[in-house]
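Given below, in the form of structure tokens, are the structures.
Paired with subunit B in one complex and with subunit C in the other, subunit A is shared by the two complexes that follow.
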Partner chain A sequence: MTKFRVRGGMPLAMLSAAVATATVLAGCSTVTGGNDPKGAANRLTAAGTYAIESLDPHGAQGASTGTQFAGQAIFSRLVRPKPDGSLTGDLAKSWRANDDASEWTLTLREDATFSDGKPVTANDVVASFKRMMALDGPNAGNFPDYTMTATSGTEVVIKAPAPDAAIPGKLGLFYVIPADVKPDDTKFFDKPVGSGPFTVERYTPGEALVLVPNKKYWGKRAELGQVTIRNIPELSARLTALRTGEVDVVWGIPDDQLPALQGEKRLTVKTVPSTAVFTMWFNSSTRELADAKVRRALWQAVDFETIIKQLYPKTGTLADAPVAPVVLGHAAQSPVGHDPKAAQAALKAAGFDFSKKLRLQFANAEFRPFIQAVASDLAEIGVKVDALEKEQAVFTEDLLALKWDVNFQQLATPTFDAASNLGRLYTCAAKRNGYCDSKLDGLLAAAGSSTDEAERVKLYGRASEIIWRDAVGMFPMAVGIAYAWNGALEGFTPDPSGLPDFSTVKITGS
Partner chain B sequence: MTRMIMRRLLIGVFVMWGAASLIFVIVRAAPGDPASVLLGPDASREQVARLNASLGLDRPLLVQYVGYLGDVVRLDFGESHRLARPAMGAVFERLPATLELTLAATALAVIVGLTLGLVAGGRPDGIVDRVVSATTVALQSFPTFWVGIMLILLFALGLRLLPSAGVGTPAHMVLPAVTLSLPFTAIVARLTRSSVVEAMREPYVTTARSKGLTETQVLLGHALRNSLIPVVTIVGLQMGALMGGAVIVENVFAWPGLGSLIVDAVANRDYAVVQAATLLIAGVVMVLNLVADLLYTRLDPRIRMDGGS
Partner chain C sequence: MLARVPFAIVGLYLFVAVFGPLLITYDPVHTPLGDRLLSPGSMTSTGDTAWLGTDGLGRDILAQIVYGARTSVVIGAATVGLSCLVGVGLGAVAGYARGWLDAVLARVFDVLLAFPAILLAIVIAGAFERSVLVVVVALSATAWISFARVTRGVALSLRERAWVDAARVMGVRGRSILGRHVLPFTAGPVIALATLEFALVVLAEAGLSFLGIGLPSSAVSWGQTIANGKGYLESAWWISTLPGLTLSVLIINIGILGDQLTARYGRGRLDDRRTKTGDPL
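Up next is the complex of A and B:
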């Protein structure tokens, strides 16, 4: 028999088999998630909704959910929000404002250290602030022309160009790193030194972040031996991993997937109110939408209550304000009832041009059914809508350029303070939606500069009333976040910002 | 042979220049700019303008192009502002995972496809041939995304035999490699079958039979070897396509490869990463095609690459 061989080599099938074996074995070298059975019971694996692409909290990715999530585990902040939205000291043990809230003094705790054992000083805080400002990332946008100085080893002062009562809330987005890390030092974040409850054992951008307890942590040591944050972009794979036990915690679960998870005995499923509200701004700078009566009528034409019941029965509730109930400054407004006949009549009376097609832009496919339902309701009264699903890059560019008539966003308030939502987005200077009202500007400025919390709530309430009455946008839904986790986890608290803290979690029996 | 390789490498330089220029234009022709995505909808217009300037994107396009080509010649592929590290570094971090997956899928496709093709082509129009033909048509028709999800539901959730996603153990590779290999397996099987059927009609096969060789000996010793050239061609071409197809599989199985990096880079207008990854893939495909061409000469000595007869 003539044997077939690739000349001078092995048969092709054998070569293929060898390659297959080699690649499978090579696969063993890219280990994620650890297979060491020792201590495996004390390990937690979570799969969030976003990849962690960078650990630099001051950089361009600083405001992304993934980086924020990693940041709070690895680094400390001066203050941080608790799950209920109230602020608590992290590195700062106290803070106080001057009379007009343009200057805030924060006193640092003295026992805080970085994971390399060095103490966290006021110099580190100031250098971190300067680095954040130098990198001009999205978090720096909360502090335009603000300065920070160290008045002693344990005291820093932050000065704002204008009164700003929301500074403590905004500082929840500011992370402290060692003073010697330069703005262009990217190597540091491969294995960063922080003063948070965890340190990085292994990090592969976009794939996995493996954390272990920070032995030098100044607070209560984390109980878990290891926390792995995996990126599983495909929803069905993520939920399957949860159901098979490969993953212990998943969040951001859509409503249609919740019943199946609720049927799993070993899982706990809970939905918590978030800081986000579905926000549908009208472009008030256009001729068609300049009239508040027109905007109000369009809102009235959509049956949001039914849409929410159909699409978001577990994670959605009819919104009653431009900001979510957990946000400081929330003030409930009278609901805008669904009345298509009245809406149509109001539009006719206002001389609305029914031949004009409204450009409704949005950026994420998951919102497509909601947008289609809104467009359908508006079509019922003769209003034509062009639903434009855009890539994030195009969406953002068009958003800032006001190239839309109706803009849909799931708008969160991560600082839990209306100042970073109402105070930032609804002023004439912001030019975000073409709406401008000097009275509203005055109220927002007053609310932003008062250190009296009750007064601020009252002022934001009055501002919300104007925004709601003039229908600067439609505010259909307060968003909830659905979490599902392994019932063996103890001390796990679902977080309204989608940034759960694992430092207080332990696994029963471990 | 050496002359041919040198000639191909020289052509390769022009191909790479073309690829570099094309991708430079394409990424910039797409609407939306990197600064808007990086800073997100919360940023002000002034912040976006400042970041665009710091990225050098406010310079004339020609100036950017000349600077980019100069950098590429110096093997500097730029910095990914989004990932805060060198773009080619980010690409190389992900390349091994994609190569592992692609090679495993190719090897599976070749082993299974060749076997099925041989079995079917050995007895054309028999029951086995019909079953194989129907199966391969089905395998090519199913969307990879759907197949991946179905395999996860069956083997991870239903039977609890394999992990659903991620990397870590050889078991993690099974489902993504199988998913990626299925359409390719079908192509190899169909091509092998038709080549074998054709080869079995050749006079040299009749001669082999008349010498008293069994059908298996004829099939494996004579028909298979002569059927391999088109298979090698398609393997060479398909490996490039597999790297592209890996995007979907990587997404379904959370496989941290190049595909998902490129998709994210495109969505985020991360020009440096898109450019670096495209150039690398173009280079890999070029090398694979060259390897396939060289393999021809090993399979059939009558084929000469240096212009000889």
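Up next is the complex of A and C:
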């Protein structure tokens, strides 16, 4: 229980040598047998952060990282975000809104086909949308009461009940499957037919997904012969597999492990800023935290700069807004400095009850050190914190029921648009953190319905200012994702959402 | 002389568990991040020496081991005490009463014995809010069965002994016979078993804490410290290794001690007596 047996020095070195040889051979085969991407050596193995539990992008697991990752390899979307956050057409050639952005018309490309050779039509798109809404999974939550209709074989119209300029961004979470797949058809996902760059060769839920290039793919065909996505839950085992060459790409690596990997010549290590921000909402509906002065004082009491420097020196940066810099609608705010004395004085002046324990809930063991460090700083000024680590399901249930005083989440914005973060979570109607401000509601509604991007950025900036000033939560850290990959891979781009695209990757011999 | 070593080592652990926290101050909530991952013997920012190093949040490992010893001993003693009370009570009644009561109770013991103990503990500890009491109850849920079985066996044999017959003939009430003439003689095997159970409970508690179930995060436990060091096995081996060694040494020594006690007071001795007197067991 206490010790891991690591392979001895010699065998490890020999193994590395063997892997290096294999890699060189792989390179040779790519060069000489370039026309045969199914060549045995032209294979890549990756170990991501989360397991792929389901391949159904419309189902209950649809928003999980694993299913999203599989979805974008196997299926196509109408619109997808590029690694820099800007949108690009996938199945849609172009898209336009009506005047108040409540109705969007998307024109589909004609050459797209599914892996079984059938063309992708507007009918498939509409049927997929209806299936997603019928299953009512987490992605359907982005489109409450929205409808989609086909106006021709290559044109679809999506109608929103209220103006929504963020629809193209949200469509990045909507995957198209053939029209004849029923909502309860689970058999289809054993060997799904999609229009993405890869098709499924073999799939074991929670363990491994083996992908091969889709021969009928309408875009540029993937270079790799085979991509295997493995789930290695234990971090040390994952990193050992990367070192020995058993896997080629690993991401989501904690900061403390990075120096050792950076020392390895064979590996490329890179950290990219993600769309996620550590978000620590205060429950403004409780008596103790209803006062903005109290919330702000608590924020002031924590030395986030030091915590980040010590715990996340490589992947963390002090956040300057409720959303990450890569997200549309990010506007830098003035930093909340660390001043425990002022914080304590402000709490006393506001009549804060120091005898009450604040319930700080969080869901994942990887955040435990961060939470403990925050609790330590709050304890310094006499604020007692009960750090409650909960199972994911319990955490979500309590989160929605507001059964907490401070809630910690690593909140990502997968659509790269503040609408799905600020616009969705901070309104009075959302009731997500007990905070309610009519002016903020007005700003968020205006930002959501404007089609002018500059105007939206400005409005979200003003909304961020209110959220920041009133300390709806603490926004300590913008999160980066650390990737490490085998230097023999070419064309690999670390993805800010933790969903790397392997269709552009090839293995070279160098 | 060598036979005394386990006594001395277990005694040392008990001494540390009782008096250690009085000598060393440790606050699990306080995290001096500047001192994180210091190797054993390093100087901390406050000028103290971290004899066994510090963990990923700058907390002293020696202090965690000392405070963890207290947690282990408290939970171990409480669980064994509770299990002993329940197990010995039910076991003695079943063994002395015989008949249908014994048949029912003995089958209950057998059925419960079929449950995997650690899984049952995980389910119970996971279902309730974390606290020391929940851990004690979760671990006692299966630990009492061994006591019940041993006590029943001993009681079955004791009830046939001459002095029990004599008491019965003199009209002493069943409850008094059980209390005065049967229970005192179960003490030997029960103590031997309690020692072995103590080791298992300490190990199970560390297992639960390692999995992050049971104890609140403000409690200090060897299992938690070992789990915290899991990610640092290569770079900071001392976080997991030292509490792990501490735990192993304790378990091994209690095991040897338990064997010695069993040899002296356990079932083996009783079996010898049985063969001499011809009593059925």
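Heads up, the rule we're going with is that the second predicted complex is superposed on the first by the 469 of 510 C-alpha atoms of A that agree within 3 Å, B and C clash if a C-alpha of one lies under 4 Å from a C-alpha of the other, contacts with A are read in each partner's own complex, and residues count from 1 in each chain.
Convention: a contact is a pair of C-beta atoms (placed from the backbone, for glycine too) under 8 Å apart; a residue touches a chain by one contact, two chains touch by 3 or more.
Quick caveat: nothing in here was measured; it's all calculated off a predicted structure.
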{"item": "Partner chain in contact with A:60 - subunit B first, subunit C second, else both or neither", "value": "first"}
{"item": "Partner chain in contact with A:373 - subunit B first, subunit C second, else both or neither", "value": "second"}
{"item": "First, second, both or neither for A:275, with subunit B first and subunit C second", "value": "neither"}
{"item": "More subunit A residues in contact - subunit B or subunit C", "value": "B"}
{"item": "Subunit B versus subunit C as contact partner of A:306, first or second or both or neither", "value": "second"}
{"item": "Partner chain in contact with A:136 - subunit B first, subunit C second, else both or neither", "value": "first"}
{"item": "First, second, both or neither for A:365, with subunit B first and subunit C second", "value": "second"}
{"item": "Subunit B versus subunit C as contact partner of A:393, first or second or both or neither", "value": "first"}
{"item": "Touched partner set for A:236, first subunit B, second subunit C, both or neither", "value": "both"}
{"item": "Subunit B and subunit C footprints on subunit A, overlapping residues", "value": "1-4, 6, 236, 391"}
{"item": "Of subunit A, residues touching subunit C in the complex", "value": "1-4, 6, 235-236, 254, 256-257, 260, 306-307, 310-311, 365, 368-369, 372-373, 375-376, 379, 385-387, 389, 391"}
{"item": "List of subunit B residues in touch with subunit A within their complex", "value": "30-34, 36-45, 47-48, 50-51, 54, 81-85, 90, 93-94, 96-97, 99-101, 103-104, 106-108, 110-111, 114-115, 149, 152-153, 156-157, 160, 163-170, 172-173, 213-214, 217, 220-222, 224-225, 228, 232, 251-254, 256, 260-261, 264, 267-269, 295, 298-299, 301"}
{"item": "Contact set on subunit C toward subunit A in their complex", "value": "29-31, 33-34, 36-37, 56-57, 126, 207, 210, 212, 216-218, 226, 228, 230-235, 240-241, 243-245, 247-248"}
{"item": "Subunit B-facing residues of subunit A, complex", "value": "1-4, 6-9, 12-13, 16-17, 19-20, 22-28, 30-35, 51, 53-54, 56, 59-61, 63-64, 136-138, 141, 186, 189, 204-208, 230-234, 236-238, 240-241, 243-244, 246, 391-397, 399-400, 409, 424, 430-431"}
